[in-house]
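One structure is given here, and the rest of the page talks about it.
Labels run A, B, C and D following the written order; every chain starts at residue 1.
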Amino acid sequence: MPTFTPADQDFEERVRDSFARLTLMRTIGARLVKVAPGEVDIDMPVRDDLTQQHGYVAAAVVTAIVDTACGYAAMSLMPAGADVLTVEYKVNFMSPARGERLLAHGRVVKPGRALTVCAGEVYALGDAAPKAVATMLGTMAAVQDTAKVPEARA
Amino acid sequence: MPTFTPADQDFEERVRDSFARLTLMRTIGARLVKVAPGEVDIDMPVRDDLTQQHGYVAAAVVTAIVDTACGYAAMSLMPAGADVLTVEYKVNFMSPARGERLLAHGRVVKPGRALTVCAGEVYALGDAAPKAVATMLGTMAAVQDTAKVPEARA
Amino acid sequence: MPTFTPADQDFEERVRDSFARLTLMRTIGARLVKVAPGEVDIDMPVRDDLTQQHGYVAAAVVTAIVDTACGYAAMSLMPAGADVLTVEYKVNFMSPARGERLLAHGRVVKPGRALTVCAGEVYALGDAAPKAVATMLGTMAAVQDTAKVPEARA
Amino acid sequence: MPTFTPADQDFEERVRDSFARLTLMRTIGARLVKVAPGEVDIDMPVRDDLTQQHGYVAAAVVTAIVDTACGYAAMSLMPAGADVLTVEYKVNFMSPARGERLLAHGRVVKPGRALTVCAGEVYALGDAAPKAVATMLGTMAAVQDTAKVPEARA
């Protein structure tokens, strides 16, 4: 894996501040457990109110944590003042999301001034060995002036 | 758009029964508003606890409703007894998800015995004209024996 | 489908000039058959040297024509001087690509200053009714200064 | 990376036989340089007749080699008699594909009886250090009876 040098030494504080404003992460009980240059881990307990029809954590919740991990992995390499938006993602679901907790790992594959390519995985944790639940490949955009976001996402 | 003939005349009841067991949909306040052969619409109110850092509905929640609409669009054409699982999806986010409500439309592009290709859109509804928020392209799998799901998703 | 107003009245000439420089399109025998605002069609004969192990046109060749159709659909709405690059795409393959010809249709889903979301389909044409072979969803970028492309794709 | 045990000891011969029937690979000058359980490498020289409008290897050719590497990585873990088809893929393009050669690496992320999730990368090789050109995430299907392929891809 490549090693990245952050453009902003305060990247971790910036990521943590932004995460704290992500209401959905609070709603689903997700926590930021690692913030490194180009790499972010998010952990959440498996909870009954977030499941699909078979009792496993719903695909979209699995997506929520890996998208967030990837987005902040991208943001960790962006200059001060830059915010991050998800342009698009693709997720493959590989095993049922069950167990005690889910761990999402997001990492930067290719940083860029405007667009950053990220990849991520979600693992189910519990009594057994960690099991890969989903894998993601996506594109994140740096937004310099978030006041413009409403009218010009792309 | 192609017209599809359902294999099971009770498709709507089957879809509605399954949707009722989707705990996440209750959690986010989503409702099934249309079930037709190969086409499903889901509606949800915009709610503060489902937002990201700019106050818009989070990408994963947008994904949740369009994935569910697509999954049930696929299921509406499957034989009785078949359940549906999301193999993978790709979503592009085009505009901020804000307004009063979100409407997700899912439709079958290509039905198949094992795999069904689906596409979907999410629109933001409110005072202004409906605005396209996201578009999805994904693959759904028919599962005949859901008891096997835990050990063999794919 | 939305109707688009081109920013540059010479959009068709610009698209045709760029297409003429796409060596791969000549190599595979593809032709530009329609250039409208936000919409482009490309046609190619099925040829034995472009097949995979079952004798159908290879997935990547199918991808080549729908990616090109989508890229030029995006370019048709860009201002004079802008060139287009594919940021990413996702393609689902639905039926074998066989018959006499393939027709790719690319269209803009959401235009943007920097990024344009496009969708496209490929149909197999021959004796039978046209059959959908593949469907694509992708992201195109406008590049203002193509001299910079080598060092900064994204 | 996980280590895989092939179901069929003759996996390499099977992959090489199938590759030899892939006419498109011959057309573009691609060669199979590594076949290991769950991992395949393909190499091709950069050639002028495979370029896009800026003189770089076209996105679809980059896609061709990484799709093929991923497909055969999947096939290397399938039982004797099984053939492989691409269900769908998503590719992000990260840098211009130029230099002397391209190397595609495909690997299995999650094997399955019916569907296998694969990931891959393409690197540009030449005077400078290898540079990542593209990254792919896709789904491959095992086909037991290839005679059925024409009528039932999915």
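Criterion: contacts are C-beta pairs under 8 Å (C-beta built on N, C-alpha and C of every residue); 3 or more make two chains touch, one makes a residue touch a chain.
Only a predicted model underlies this, so the values are computations on that prediction, with no experimental measurement involved.
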* **Chains touching both chain A and chain C, listed by label** => B, D
* Which chain is most remote from chain D in terms of Cα centres? -> B
* Structure fact -> Distance between the CA centroids of chain B and chain D (whole Å) is 31
* Structure fact -> Note: chain B sits from chain A at a C-alpha centroid distance in Å of 22
* Asked: Quick one: chain B and chain C, Cα centre-to-centre, how many Å?
  -> 28
* Residues of chain B whose C-beta touches two or more other chains -> 87-88, 90, 92, 94-95, 110, 117, 139, 153-154
* **Of chain B, residues touching chain D in the complex** => 87-88, 90, 110, 112-117, 139, 141, 152-154
* Structure fact -> So, in the complex, the side of chain A touching chain B is made of residues 18, 21-24, 26-27, 48-54, 58-61, 63-64, 67-68, 83, 85-96, 98, 146, 149-150, 153-154
* How about chain B: which of its residues touch chain C in the complex? -> 90, 92, 94-95, 109-110, 117, 119, 132, 135-137, 139
